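Note that the chains are named A, B and C in the order they appear, and that numbering of residues resets to 1 at the start of each chain.
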Amino acid sequence: MPDTDGAAKGVGSVKRQLQVAIILAIVGGVLTTAAFLMAFTTARVQTFGTIDAPAAVETTYPPAPAAMQPTDGTGVRYQRPWLSQKIFYFHVPIAEASFLVFTLAAIFAVLFLVKRKQSYDTRSRIGMETTLVFTIGTMITGVMWTRASWLTNWSQLGREMLSEPRLATYTIMLVFVIAYFVLRNSVEDPERRAVYSAVFTIIAWIDAPISFFITRMVPSNHPIVFQSGMDTTNLIPFIIAQIGMLMLGYAIYALRVAEESSRDTLTVLKEQLEG
Amino acid sequence: MKVSAFRQYRALLRKDIVMELRTKEMVTSMGLYAMLVLIIYYVALSQAGQAFDVTRIAAGLLLLVVVFTSMLGLNRSLVHEQDQGQLEALLLAPVDRPIIFFAKATTNLLFLAIVEVIIVPFFLIFFVSGAVVPTGSTVAVSQSGPAWMTALALLIGSIGIAGVGTLLATMSVNTKGRDFILAVLFIPVMFPLLLVIVSALSAVLTGDAGYAQTFWKMCAIGAGYDAIMIAVAFALYEFILGV
Amino acid sequence: MSERTAAAIQVTDLVRSFGARKALDGLSFQLPAGAFLSIFGPNGAGKTTLLRILATLTAPSKGTAQVFGYDVVKDSVELRRRIGIISHNPLLYPDLSAAENLAFFADLYCLENPQARIDELLSAVELKHRRYDLVRTFSRGMTQRLSIARALLPEPDVLFLDEPYSGLDPHASDILDGLIRSVRDRYTFVMVSHDLDKGLELASDVLILARGKKVLYQQTADLDREAFRTLYRETVGLGVS
């Protein structure tokens, strides 16, 4: 019976998907953990760890030593807490992973519109789910970093979120992902839902390159990572964290895909048994 | 029989305009809604005090009324095509799908522009021209830039709203909770354009030194955004109509 | 353009599926020109899907469908000029007059000399005296007559009838019947209907669908009516899944 063959093949490919995903998850997990440990042990705190305020402000940060205070007597210089440097080893990789899975979602959205295979819609949707997780991760680590590094309080942070170009475009990316799921839930016909979702994913994805490159195009408070110099004790854990997190991002996506396709295969097999 | 795209486009436009002239449904509902928003602005600002310089936030207020009014209109214009299956009749005719998109976007732009022509002068008279300069307490002579600049910024904004809005409204009209879904999809997509237009409008309305430079830069970015988004909407419209 | 075949409608291994759900599952049949095909089947059997594919509104997932030699995917634009559809939805603009509605569709089809054609059709459906009135003011039956005029406007080769009787009172239904009979010889018809009597009365061919598959395809000439009714009832029971 050809149908059972197809299902058996389905089981085989799900198995392979699962193996790859698990290996990637383990390797990615090990690398990120290693980077985490290195960031807190071997990585040297660099000299840019101070921040100026126009006047004395209420903060938990210690003032910089007297020798380092501004010479013209205006404002106060504070020491940046070391967290502002440590968080950066995770904030950047998580953000990169979010762009990776978002791009995967967009690629499968295009593929879906061309080929109309439901599995592409499923992949695109899972890509968006993973994007949601990593976008929230980026936002949380970003808030931690901003609080530590820009001396901002909560109301300033709210303003930065919509006025600082990188933060604004990234916040909108999160809104897009949420809007995507609202849209999905409001369309009943599965094919129409898939088409609308794919179209919206493509429109939303245009925001990703804008968000990625905007700090290089317009004046922004957000640091441009690859242009600030780093010494090797920083660079190595940073690179490891990036590779690890990208693997982890893909692994989470692939695990969910394997889960969904095994569910689909199960449905097909069940239907065959019932005749 | 030769298919003439222009004849089809013209027929689609004429149909919407004739129906609107007959019912005046879109323009009256959008215009009335916009007026009500202005009244709410009046209430909201009534306790702001003499020293408050409204021109600083005028651009934002103006854009707000345009965005909310346009969402109302976009939703309406597609519901018109949907309730008796008329859109299906259009799809059965030998019409290229992009023509349907451009015709609908054009009429949406036209109706939005008509409402703006009515509402914007009101807004400027009530909220901007009589504004008090914060440094003194005298009634200021309007310091704003020329009116055509305000119009240009609004036009660039409206083109983007009509273009992308037509695509999104065609989707949202087939979902549960039409107008809510339209807002959820429309506002994030429009966000960059709104930001750019509000800063162009703000430059004109406050008329600060060197406002023209900011204005032109923002208008250029806005026009670029319009071009990209309309191209994307154009490419994707066929898929939405195909299900 | 594809090569013309003798058959008016040629459907080969047609599949329309999304994921595991199959609206049409390997359907094949052939309908000669001038025939009247009635499609029966329970809800969700794939009748509407089949009609939408033949009318170029949805694309098949697999297989091919040709209408007068035009492929529904490759030659969709040419094909659209050759089909008319009469649905339970009038597909008309209520805020336009009868004449304006027809003139609008004449422009979409880019008809030459549309005015003469519109006059001719309005007389045929006996609406000439109401030509300047808004469709909004029409009764259900008058709207349906106008929608027939709209369907006949481009002088199609084939007419698709999608539950044309639903929502009509007996009088309007009789008028519609008369109209269809009067043009019966000029077109090829495909009708989807729940009304077994109406469907059988007009049909030259019948097709019963269930779960996207062909249960029966036969010419009415050699059809045992009683056996057919029994089979239909069984199929409807089968389809409720």
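Following the convention adopted for this analysis, a contact is a pair of C-beta atoms (placed from the backbone, for glycine too) under 8 Å apart; a residue touches a chain by one contact, two chains touch by 3 or more.
Computed from a predicted model, the values in this text were never measured in an experiment.
Between the interfaces A-B and A-C, more contacting C-beta pairs are found at A-B. Chain B has the Cα centre that lies closest to the mean of all protein Cα atoms in view. With every chain reduced to the mean of its CA atoms, the largest distance from chain C is reached by A. Centre-to-centre spacing of chain B and chain C amounts to 40 Å, using the average Cα coordinate of each chain.
Here the spacing of chain A and chain B, counted between their Cα centres, is 33 Å.
Centre-to-centre, using mean CA coordinates, chain A is 51 Å away from chain C. Residue positions of chain A touching 2 or more other chains: 191. Among the residues of chain C, those in touch with two or more other chains are 59. Chain B has residues 242-243 in contact with two or more other chains.
Across the interface of their complex, chain C is touched by residues 1-4, 7-8, 10-12, 14-15, 18-19, 22-23, 84-86, 88-96, 242-243 of chain B.
Residues 55-59, 77-78, 80-81, 83, 85, 87, 89-96, 100, 104-105, 107-112, 134, 150 of chain C touch chain B in their complex.
The touching residues of chain A, counted against chain B in their complex, run 113, 168-169, 172, 175-176, 179, 182-183, 186-189, 191-192, 195-196, 198-200, 202-204, 206-207, 210. The touching residues of chain A, counted against chain C in their complex, run 116, 118-119, 190-191, 194, 264, 267-268, 271. Residues of chain B that touch chain A in their complex: 164, 167, 171, 174-177, 181, 184-185, 187-189, 191-192, 195, 228-229, 232-233, 236, 239-240, 242-243.
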